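First subunit A sits with subunit B, and in the next complex the same chain sits with subunit C.
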Partner chain A sequence: MKLSASEIQALLPLFFPALAACLLPIAALDRDQKSTKWIRGALFAVALFAVGLSFHYFTGLWAQGFQPSIGHLRMDRLAQFTGIFVMVAAALAILQLWDHLHHEGWVRGESLSLLLFSCVGMVVFASTSHLLLLFLGLELLSIPLYALTATVRTRPQAVEGGLKYFLTGAVAASCFLMGAVLLYGFTGSLDVGVIGAALNRNPEPLALLGAALLLLGFLFKISAVPFHQWTPDAYEAAPHPIAGFMSVATKGAALIALLRVFPGALSMGEPLGAKVRMAVAILAAATLVLGNLSALSQTNVKRMLAYSSISHAGYLLLGLVAGTPNAQAGMLFYLAVYLAMNMGAFGLLTVFGLVGDRTHYDDLRGLGWKRPGVALAASLCMFSLAGIPPTAGFYGKYMIFKELIGTGHVGLALLGVLASLVSVYYYLRVMVVLFMEAPRPGQAREAGEAPAVHAPFAGATLLVCGFLVILAGLIHPRLMNDFALRALDAFR
Partner chain B sequence: MKLAWLIPILPLLGCAFSGLLGRRLGKLATAVVSVGVVFAAFLVALATFFAMKAAPGQRLDLLYGTWMAVGTPGTPGALSVPFGLVVDPLSGTMMLVVTGIGALIHLYSVGYMWEEEGFARYFSYLNLFVFFMLTLVLGSSLPLLFVGWEGVGLCSYLLIGYYFETDYAPDAGLKAFLTNRVGDLGMAVGMMALFAHFGTLTVGDILAQAGHLSPETSFGILGFATLMLFVGATGKSAQIPLYVWLPDAMAGPTPVSALIHAATMVTAGIFLLCRMAPLFLLSPVTMNVVAWTGAATALFAATIGLVQRDIKKVLAYSTVSQLGYMFLGLGAAGFAAGFFHVFTHAWFKALLFLGAGSVIHALHHEQDLFRMGGLKDKLPITFWTMLIATLAIMGLPPFSGFFSKDEILYLAFLKSPWLWAIGVVGACCTAFYMWRLMALTFWGEPRDHHAFEHAHESPWQMTLPLGILALGSALGGFLGVPEAFGGHFAIGKFLEPALTFGQTHGAHGGHHAGPAVLLAVISTGLGLAAALAGFFLYKDGLARAEALAARVPGLHLVLLNKYFVDEAIEGYLLRPFRWFGNLLWKLGDVILIDGVGVNLPGALTRVAGDFVSLLQTGRVRNYALGMGFGILALAWIFLK
Partner chain C sequence: MTPVQAILSGGLQGYILVALLLFVIGLATVLLRRTLLMQFMGVELMLNAANLALLAFGRFRGGEVQATAFYLFIIGVAACEAAVGLALVVVLHRLRESTDADRADLLKQ
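So, the complex of A and B:
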């Protein structure tokens, strides 16, 4: 098989992460962890380098305005946006993972390999409208994540969480596949564009059911209610950086894929589009209410962040409901902001070396004064998650709500505002325990005996996230026009 | 004069220096820098002043950029405020008074405050005060003037409450601040009214537009705007009804009293009226209000001053009363005369306060007149300089107060003989309480022998300013000898372009009508009589005065308690307000807003949260069930 130059360019960004993912386990065949720190460092460096190369190629394509494709894999602007988004998240996760796995005492190369495979799967998932490729991407991103969730496999809770994720994920994947089969059976095509046109001409009930099942596959990855219940368990089980990565990259890739497949292709015609929009609107509302209310009553910060990521799925889906180009761009902008603020929020747990089940609010008491800089950066991320100006999180929500009101969905916008009002409580509570409450006596003694937590890379990522949250807030009009809106102009 | 911006900036730098580094670098460095910057500002101001005199039109417009710009210029509602300074005869004279007398007070403070805690803090505030006052005086637009206006309010709060460990000083500071806020509200409303009418807030532009208008025949928008500005002025310049803060402001260190009373804060109101003089001339209603308020305040405060025991309180009521004279002059269209009185008053009132400070300093913080006495030979410099100031304030020719006060009374007579009569009675009271003060302090037997034994003349940093101020008090009047006495009212001629802003209707009336000399003789003669009465009543102690007071116990009690104004405000104004505030707090805020409005929804939301978390059972089969419901819902939506 001979590839043209443009086909090579389309593959290159994915080639290096995939290659590194294949090579890393070979180097990591070291079951008793006898490898020196030097080798471990090299493994992480290779992974980081592969992610960096991929980032480099994606940004190169973006800068040239070149949109190659190979078969049904289209490296258009939206796919490039996804690539950049996923690779940045992966880089932050890898840096945090180095510190976190050391705290856990569990440094293996296989985590990196799985992470990289998942990255490749995400980009594939978000850059095609062919049902087979979509399924391939979905599985490629999911299966490594099941394993990653159970990374620290000596801990029962980790295995339990991974298994729960796997079981529910298998249900969702089979639904997706069933939907694809139904659609293919009735329309005779695997291309979503063709399917959409056929469905709008002739809305067969079983084919419509197929579309509904297909939608479920996406909503599961986005963790929208009622396909969300795996989320808190899986996130709690996973290492903090992996939880952060899942909440950001998986959700982002699935949302962008949804954006491409449903409003972009399936719902061009009115009857089907209205149904999809209706379904998304109802589920988004349920997601907002349930996610925020559940987050409110958590005592575990990590579970709170899991519910927070569910509620953010609600905000992001609202962008799809509005459906205007500005709303979709606002969704992409909010995704990018969400990347920074959520990686920062999960990074907070890593920075203070809170492993296992020591991730309750009480375990954070008074820690802010130990490393005020990073705690401040994490606080900025929390402010941004709560949507308080002038942080970028405010502008993201603002753009989405504005478009919602513009398209007549005032009730949904109001619900979104109320939901973010509720969320202020649990986000700010993190800052309250960090800075305003004294450590418990036992905890203080424990901290006095234990060696100081060493987390240079996680600390650095946190500072970067805090900085980005402010910066993106300051230059949001430019990000919106030069980045988010241009990501959409390719497939429109 | 490119360097005019240095005039306000120098004290600001001094403030930053004393505030940030003063404690580390010690008292001497603080003193040298703080006093130095104000003297330097005075020198720059002097150079600027002469540059202004040489400039065409006797006016320097210094523009440093645009401060605020809203809307498209030229369209209705557009606002553009320049960032600039204006030096003309009015602001030029004022800036010389502020920096000149301010510098002397700074120098005096070095001696007075040397032993006090928080030396650097004191000088930091003092420099900041001068900075804001200069901003007020030199600002070319009302918003910039307002910045200085608010700033001196803030600084007065800080300085009056300087002894913040005591019970009374913070309260007095708060009282000054809050009372001023009432006035500030008027000022702000006045500015809005002016903007609504003229579409600009630049002083020059407003006055230029006002030049094309003819005086209002009834109470209109101009009347309203000027009246509101006057409300602001009553706050800063302590006129009825907002005068109550000034006597309490004596809680601050004595040099601060001198600074507030003589050179800076209280003259701000007069300055504002002079600045906007052409506008006030367009509203006869406001002018009447100004004149009558001034006259009433002049008499009212002077009568209270007759019986006060605290030496600084006497001087405080004296200031309120003298400010009343100034407003009386302004209200009688004698803007130049009123401002001339600001000028002369700055000298002799600063001198009186600094002299009183010297006495208090010598007696180790004794302020009670009834415990002084016989200090004439102990404090010779203080005595002789205060004597000059007393002669000046009672208006004895040829001391400075005579010329300015006489000009005001003469113009008041032209407006209404009743105003003149009130002014003369007030002047008699002035002469009486000043000679009472002098007699109780310097003559008679010492009533506190212990303090008397230890009394000593103050150091040179304190006596030098006294000497300079005495010179000014004695001779300052010759800058403006009225025409009735063979002079040319030079200061009036000099100020005229700034006050009239090139308009035809003059800022003060004609000088050829009326029995000017006769009136002056009458008022001076009555004043002399009152002075003698005051002197002989108190020269040999308190016995005669007490006998007199016992014959009119009711009047004495009313005067001693300052007409019970504070009590009336407390009872009829503050208590209902406090009751209403309590109601809003306990019922409105605690129960309705905090309870029903905030905590109840919060609690309900938490309960809802606890309820929905029950859905998260931790069992995978329930999760799958949930997904099953989801599939059904999706199918229903799609197949519907």
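So, the complex of A and C:
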């Protein structure tokens, strides 16, 4: 088989992370990685280099405005947006992993390989409308994540969380697969565009069941209610950077895939389309309310962040309900901002070396004054998550709510505003604990005896995240027009 | 007669019925059984139900190659999933001496 130049250009950004992912386990077989720092360093450097190369190719394609494709894998602007988004998240996660795994005392090269495989899967998932490739992408992104969740396999909690994630994820993937097969059987095509047209001509009940099962697979990955129960357990079990990566990149890739597959291709005729939009609106509202209310009562910061990520899935789904080009661009903008602020929020736990299950609010008491710069950056991320101007999170929500009101969903917009008002409480609580509460007496003594926590890379990523959150707030019109709106050029 | 009607009234009916039945049995196994290994088998049952339906549809559409290719991919993916899942069950068993799903309750508020 001979590949043309443009086909090679479509494959290159995926080739290097996949190659590195295949090679890293060989290097990780070396038993010396436990004792020799430079071997560990080399592993992490190779992973970062592969991610950087992929980022370089994606941005190169973006700058040229070139949209190559190979087979059913289309590297159009939306796919390039996903690629850039996922690779930045992966780079931040790798840097934070270096510090976190050293704190845990469990540095293994395999976790990097799994992370890279998962990145490739995410890009594949978001760059095709062919059911076979969608399924392959979905599995390639989720199977490594099951293993990554249980990376620190000496902790029973980690393994348990990994298993819970695995079982629920495998059921969702099977449902996705059954939906794909039913759609294929009743329409005779694996391409979502053709399927949508065929469904519009004659909506067969079993084929519609297939479409519903397919949608379930996506909603599970986005962790929308009622498919959200795995989220807090999986995030609590996973290493902090992996939890951040899962919350950002998985959600982003699944939402972009949904954006590609759902409104464009599976747009139903009038009576059905209205029902589907209604269903999505109800799910979005339920996700928003449930995520926010559960986050209020958490005592564990990681579980709070997990529920907060569920509620953010609600905001993002609201963009899908509005459905206008501006709303979809708003979703993409919000995703980009969400990347910075959530990686920052999970980075906070890494920076202070809170390993194992020491991730409760009490463990954060008074830590802010130890490293004020980093804690301030984390506070900016929290402000942004809560949607307080002038941080970027505010503009993301504003764009989505504006479009909601424009399309007549005033009630939903109002619900969104109320939900983000409620969310201010639990995000600010982190800051209050960080800066305004003194550590417990016993805790202070323990902290004095424990060795000082070094987290140079995680600290740096946190500062970058804090800076990005402010910067994205300042230049949000440019980011919206040059980045988010242009990503949608492709499939219009 | 449209293809869809042909599917529902022709010889394919039985295959689809069996596949859907297997799928539901698998789902019920995952939801109701409390042993991790049994739940795991339920997942495999769901995947293979989809496989069965896929092959039946492919056969009905004149032996389309894409259905067969899809089928082979599914088998490969299911094997990978099984490897990761079984590894997790084994590790949990080593730590816990039990594969009872009800005892996996460390992660709760």
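Here is the rule we use: the second predicted complex is superposed on the first by the 479 of 492 C-alpha atoms of A that agree within 3 Å, B and C clash if a C-alpha of one lies under 4 Å from a C-alpha of the other, contacts with A are read in each partner's own complex, and residues count from 1 in each chain.
What we mean here is this: contacts are C-beta pairs under 8 Å (C-beta built on N, C-alpha and C of every residue); 3 or more make two chains touch, one makes a residue touch a chain.
All values reported here derive from a predicted model rather than from experimental measurement.
Enquirer: In the overlaid three-chain picture, which partner chain does A:L208 touch, first (subunit B) or second (subunit C), both, or neither?
Expert: Only subunit B is touched by A:L208; subunit C is not.
Enquirer: Which partner chains sit in contact with A:Q229 here, subunit B, subunit C, both or neither? Use first/second/both/neither.
Expert: It touches subunit B, and subunit C stays clear.
Enquirer: Between subunit B (first) and subunit C (second), which, if any, makes contact with A:F135: first, second, both or neither?
Expert: Second partner only.
Enquirer: According to the stated criteria, A:T299 is in contact with first (subunit B), second (subunit C), both, or neither; which is it?
Expert: second
Enquirer: Would you sort A:H476 into first (subunit B), second (subunit C), both or neither based on which partner it touches?
Expert: It touches nothing on subunit B or subunit C.
Enquirer: Thinking of the overlay built on chain A, is A:L167 touched by subunit B (first), by subunit C (second), by both, or by neither?
Expert: A:L167: touches subunit B and subunit C.
Enquirer: Look at A:L216 in the shared chain and tell me whether it touches subunit B only, subunit C only, both, or neither; answer first, second, both or neither.
Expert: first
Enquirer: Tell me which partner touches more residues of subunit A in the superposed arrangement, subunit B or subunit C.
Expert: More residues of subunit A are touched by C.
Enquirer: Quick one: classify A:R108 as touching subunit B (first), subunit C (second), both or neither.
Expert: neither
Enquirer: Looking at the overlay, what does A:R486 touch: subunit B (first), subunit C (second), both, or neither?
Expert: Touch partners of A:R486: none, neither subunit B nor subunit C.
Enquirer: Between subunit B and subunit C, which residues of subunit A are contacted by each of them?
Expert: On subunit A, the residues that contact subunit B in one structure and subunit C in the other are 163-164, 167, 171, 175, 232-233, 297-298.
Enquirer: If you look only at subunit A, which of its residues touch subunit C in the complex?
Expert: My answer: residues 131-132, 135-136, 139, 143, 146-147, 150, 153-154, 156-157, 159-164, 166-167, 170-171, 173-175, 177-178, 180-182, 184-186, 188, 190, 202, 204, 206-207, 232-233, 236-237, 297-300, 303.
Enquirer: In the complex formed with subunit A, which residues of subunit C make contact?
Expert: Within the complex, subunit C contacts subunit A at residues 2-4, 7, 16, 23, 26-27, 30, 36, 39-40, 43, 46-47, 49-50, 53-54, 56-57, 60-61, 66-67, 69-70, 73-74, 77, 80-81, 84-85, 87-89, 91-92, 95-96, 104, 106-107, 109.
Enquirer: Tell me, which parts of subunit A touch subunit B in their complex?
Expert: 163-164, 167-168, 171-172, 175, 205, 208-209, 211-213, 215-216, 219-220, 225-227, 229-230, 232-233, 275, 278-279, 282-283, 290, 293-298, 422, 425
Enquirer: Using the touch rule from the top, collect the residues of subunit B that touch subunit A in their complex.
Expert: Touch residues, subunit B against subunit A: 602, 605-606, 608-613, 615-616, 618, 620, 622-624, 626-627, 629-631, 633-635, 637-640.
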